[in-house]
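Common to both upcoming complexes is chain A, partnered first by chain B, then by chain C.
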Partner chain A sequence: MITRRTLLSTAAAAPAAGLVPNMLSRAHAQAQTPRRGGTLNVGVVSDPVTLDPAFMASFFEVYVFGTLHDTLLRITPDLQIEPGLATMTAVSPTVMRFDLRPNLKFHDDTPLDAAAVKWNFDRIMNPATASLRRADLGPLTSVEVTGPLQVTMTLSTPFAPFPHVMGARAGAMVSPTAAQRLGADFGTQTVGCGPFRLVRWTKNSELVLERFPGYWRPNQPLLDSIVYRPIPDETVRLTNLRSGALQLIDLVPPQAVAGLRGAANISLRERPSIGWNAMSLNVTRAPFADVKVRQALMYAVDRDAINRVVYFQTGTPAFGPIPPAFGWAHDAAFKPFSYDPARAQALLREAGVSTPVPFSITVTNSPLQIRLAQLIQAQANQAGFRAEIRQIDATSLITVLRGKDFDIAWSPWSGRSDPDGNTFNMFTAGGPTNFTGYASEKTTELLREARVSSDQTRRAQLYREVQQQLAADAPLLFFQFDSIIQASSSRLRWTQYPDGGFALGDAWLES
Partner chain B sequence: MLKLIVGRIAALIPILLGISLVAFFLVRLVPGDPVIAIAGVEADAATIAALRAKYGLDLPLPAQFAIWFGQVIQGDLGRSIQTGRPVAAMLGTAFGPTLLLAGAALIVSLLIAIPAGIASATRPNTGIDFGVSLGALAGLSLPSFWIGILLILTFSIRLPILPSSGFVAPSVDVAKALLHLVLPAITLGTALAAATMRMTRATVIEVLRQDYIRTARAKGLSRAVVVWKHALANASMPIVTLIGIQMGQMLSGVVVTETIFSWPGIGKLTVDAIFARDYPLVQGAVLCMAVLFVTINLVTDLLYSVLDPRVRLGQ
Partner chain C sequence: MTASMRKRIGRRGLVARNWRTLAGAVLVGAVVLGALVGPALLPHDPLKTDFLATLAAPDGRFWLGTDELGRDLLARVATGARVSLLVGSLSVGLALLLGTTIGLLAGYGGPIGDTLLMRAMDVLFAFPSILLALAITAVLGPSLGNVIVAIAVVYTPVFARLARAQVLVVRELAYVEAARAMGFRHGQILFGTILPNVAGPLIVQGSLLFASAIITETYLSFLGLGVQPPQPSWGSMLRDAIGFMEIAPWMAWYPGIAIFVAVLGFNLLGDGLLDRFDPRRA
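Let's turn to the complex of A and B:
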């Protein structure tokens, strides 16, 4: 077998002998011949909460979403939209027609036709279901069956991110027959239409999927089965990868990256994520009700130091909500703040507040967040603040954010495949995830326009203006664009996604 | 004996009523609620209100308690808010692995503690005694997550002879089940062994000083018979008490071992439920653990009368 490592070392030594083209083509041929079979053991941080896409809200569901489920449209790893279960045709800016592929089936062998698609949307949109997807659908008003394999969706206003919504959780189709039969048990025995179907799920031990022979994509899936094992401790997860008990793990801690780069039989994968990391500033009460005090904090924090100390030089420092993964909308030159404690102190003097300005940093009790809070505390204290750290658990954090019971608080965003999902709900006045209390007419207006515009160049321009306005108003302290860091056995061929999800329909294990 | 058992079971009723009240109200004192935990950060106010209504969390607390307690009396612990599964089924699935792990850890701890304690007691202030004491100190001091990772590194990576994590039910494959049990049982067992060893040493030293031991020796009985038959039998009461207490503590302490080895037991299930504010599951788990705790105490008391005829005669 030719590994990438031996190929590279031989290639460096042998160009004169004319060996390279031959070897490259051999390696290429091998790499292009996927092998069917085998069981993939995946180490994940936590079990999913539910397998039902209508109620998925936890990050830990991205690992099973792409294996168990399939969506009307598909979002590629570079965030392009492709046909999925259906092709989409925009009849007008507010009317979309979806034509399903023929002979689609759910895991229980019931047909996935237009009636099933309509049932799925009716279920989500019914207020009694209390589905978390209802809000994702934005201005969708109706879904009508217009043919045995055709549905037509009508929106009340144009909605640029709609194709992305149809490629995510709201666009995942589940079996109506199974959902009606299983009732409250559907969340644990979900029947979808993805490349793998559920075999069994023992909470905190293993979640087992097997290949779905009726999957529509040719030659997929290649693996016979996937076993997810929840292993919360990062060291134990890594140890299991090294021992060979696992062949794929999520969330490699940044501090382990350097050690894994040269590790034998392990392949480390990094790719810019679609999310951002930030602290929310509570603009509804002192001290951060004053924009000058907020600006002072922006200059007080050294984002490069955070990137070095907390994230071990993975990912990149952040200044706004549009990460590098959005090639078309990201602005690499956008760096509105530099680390400047003197300027921070001058801004505090201009604000007329008495220094040091006391405030609390609310984080959950994870080692990374505590390290981060300590660093921000030390830097802020040098710039005229007096910061203290307040540690709580993750569920309390959501309560604290919703109740605006904080000065600054950890509030990262895992990201969506369209910039609208990274901005609209957080920065429009009264948005469901606007925890800061920020209300800017200009920002809201810009985000509304970006949401309805179908011109990508215009949207990119609008998101640049949004970032500038956010920098001026400073309701959040952005500091880091993460990398998705995952590791696998070097025998595994698989596709990495910028949301950290595992699709694995195309994954295969070398013999 | 029967009277003792009936009395203990009758005493369970007020205990469980008290535990129900405490479990119900204590878990609601923590900030956040199950709907916040399942809805995550994204849900809007309308969705949260709809979910609260769906799970009856919009009712006044006394009404919520009455509904839940009414179900419990009928043997229904309700459904987990997070997973939608029946709480009784979730607890049933999780108790088996925990009891298996606890039982195996107890065996490991006794296999280490009793011989080591006796060796130490019969040779006080010698190299063996100091060595055993040092081992016990290490066992007490080293956190079990560290011992667990060390064991995985040694027996799953350096010498890949044991699986590093996971659970296989003995009903599925006995050999695999045992292999998966070894490392977690040693991790949990070594921590328990330390205290038992110290207790064994202390009580055996005390018993060895008593007159009947001198008599036994004077009769010409071998050292092994004196120590293992005569001394250990009388030293066993405090050891059994300690083990009883440890079994109770183990129910709360097992969570670390379960987390490291992906062991689907009751400890991890309960801790996750607390973090998720999964009220029905937390309440159900606390009730079941209370029953188990009382049962362990009852078994410990019954063991006294088996071990010591004076306890039997005293009744």
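Let's turn to the complex of A and C:
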């Protein structure tokens, strides 16, 4: 809606300000008349694993999440919470009331009412469903229908990130009738309530969505259809955008960014992400079971060099999990480590280990990650380590991480709109994405308090303490806050989101 | 070459063939020389990164420029030559050894052994060579040793078939019968009498496959299945270069030229050897 609203205000303000047409850029002139129709071809890195939000776990699902699905609340590109399918009212810190918009429908014409919402939450909460969303809902204990279009949710404790959770996967509503009818096939034939509905999905070839005429937002969607094409190779994606076969691509290679900034017919879009790039250190086995050895690695790596050589200055160096995109919680002054190979060597001596300390760097077979691994290897080897690189295929990464079959491993996080989503599950003992084996009572305690506190200043303070504790314990080598770098045909008007997702209800193609 | 042979080929053909053989020898010599002395003579270490000189264009300091991690491309191309020659010689040598042994035994032994051995070779032959090499390295895991093994397995049936066909001809000849009549043991006949008389075509085939082996190694390294970073190989250098074709095209030029020169050289040389050894063409 941001774009549409901006566009409308521009349209209204231009005549009022007495701007003559030739002073308006072509973009603004065109922006006054969003156009219906057209097919958008989108080049994405990979197919989604599932279309069912209850089981989405891979990054590649953000591409379809915002087009196929809609959520109870909406998270704006600036991470603000807006009403979505429903309006939320906090009756008390632990009781939330949701009032649905009238006449909502799923893609199969099933009414989206309070009963459907309750059914969705019952499905997620039922342990037999084994939904990955159950953990997202935190202390949610019950969802009750309190009116035809009203549900009331009760939490066992206050839960600060709750509105953000309702704007993400756990807040996406799917059709109960379709889910019951399709059973195990629902993951590939999902029926949601977003601006576009599924036409067909040919795996590794194309995923086709079409305009859902019953969508509730006025004048949306504008496009007739969207075709997602999985293209793993970054160069091939970019070439297809240049040739016109695609009109929108994700993950523009950072080295191409400078050249694209002035390109004709292509519009490059960059925006700081809400995630972080880091390597997980396996704290359950040598050599990184020893905190001094972990600390040594923190000093051995030059994060500025990584940002320059691997990412071509498209992001900023990172030292913790709270990126600048979280204005209120980010600590710009937080810089616990400098690049200091001598200090790294001193720490290894203190640890009493024999040098060079051997370890392996596990990355997947992508040019950027291999570049990164070689840079870390070169720098670690200067600081008393002897690193070797282990390349695995992208699909094995999650197995390697979960099995703790690594010394250090590529494990970036695409981010959530509340800092809790960037910390709690990774850094609490036994958290579902705690791949390092890190367990600190202090960190867990801080994160628990940050989740229940409703005072944003207090929460910001707690996340600062979490970052300091993480720096002291060094379970991950944070190195970069990246940018979402996407590019489109300059004919496409669309809104970019800081999680890299596409919600193309408001997107339209100039004729 | 005898006078009669020279007469048969004609002067022009001979000169042209010699010229090509010579060119092949020069190109191969350049690659071998580069591989042997290059890394020792060149000013830069192929693994030394310089993060302040990444993607540097060719200049006085880095004659062929640097790659994305600031490593000297000349040193890496020279080190890559070692990898290519190592893979070429070891994999072809291994295939030659295995294939010739299998072919000799199949051709000289009884029909049962022949059928068993050659059907096994047919199974390997049934796969496109690059696909088989891919499958083997994928199963064994990515490393230089496994690439050598994979290429050797792929080329073994080529030598086995060739050796068997030669043996089938030679074993009926009078000198083999004579050796048998003189009471030589099978081993002596096979390796002492037959092998020297079938070796020529096998060596020619080996020199031609050398070029294919180099290409196959670059394929596999290009796909990340060969030499592991940071060690350079021409194939992995090409893969690294893809993402930088627009801003640092020299990263792709030099490994590409090196592959071209090496493969052309070995093909020309193999062609020359073919002329020398093939009774139908010489």
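Following the convention adopted for this analysis, the second predicted complex is superposed on the first by the 480 of 511 C-alpha atoms of A that agree within 3 Å, B and C clash if a C-alpha of one lies under 4 Å from a C-alpha of the other, contacts with A are read in each partner's own complex, and residues count from 1 in each chain.
Assume a residue touches a chain if its C-beta (ideal position, glycine included) is under 8 Å from a C-beta of that chain, and two chains touch if they have at least 3 such contacts.
Predicted model only: the values in this text are computed from it and were never measured.
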Kindly classify A:Asp290 by the partners it touches after superposition: chain B alone (first), chain C alone (second), both, or neither? neither
One more residue to check, A:Asn365. First (chain B), second (chain C), both or neither? second
Per residue count on chain A, the busier partner among chain B and chain C is B
- Message: For A:Leu375, using the defined touch cut-off, is the partner it touches chain B, chain C, both, or neither? Pick first, second, both or neither.
- Response: second
| query | So, A:Asn425: does it touch chain B (first), chain C (second), both, or neither? | reply | first
Scan A:Asp302 for contacts with chain B and chain C and give back first, second, both or neither.
second
Item to complete: In the overlay, answer first, second, both or neither for which of chain B and chain C A:Thr235 touches.
Response: both
Regarding the shared-chain residue A:Ala256, is it in contact with chain B (first), chain C (second), both, or neither? second
(request) Name the contact category of A:Asp407: first (chain B only), second (chain C only), both, or neither. (result) neither
Overlap of chain B and chain C contacts on chain A, residues 235
Chain B partner, complex, touching residues on chain A are 49-50, 55, 57-58, 127-128, 130-132, 134-135, 184-188, 202-206, 229-233, 235-236, 239-240, 242-245, 392-396, 398-402, 411, 425, 432-433
Interface with chain A, chain B side, in the complex: residues 30-33, 36-47, 50-51, 53-54, 79, 82-85, 90, 93-94, 97, 145, 148-149, 152-153, 156-157, 160, 163-167, 258-260, 262-265, 268-269, 272, 275-277
Seen from chain A, its contact residues with chain C in the complex are 234-235, 253, 255-256, 258-259, 302, 305, 308-309, 365, 367, 370-371, 373-375, 377-378, 388-389, 391
Listed in rising order, chain C residues that touch chain A in their complex are 47, 49, 51, 54, 68-70, 142, 224, 228-230, 239-240, 242-247
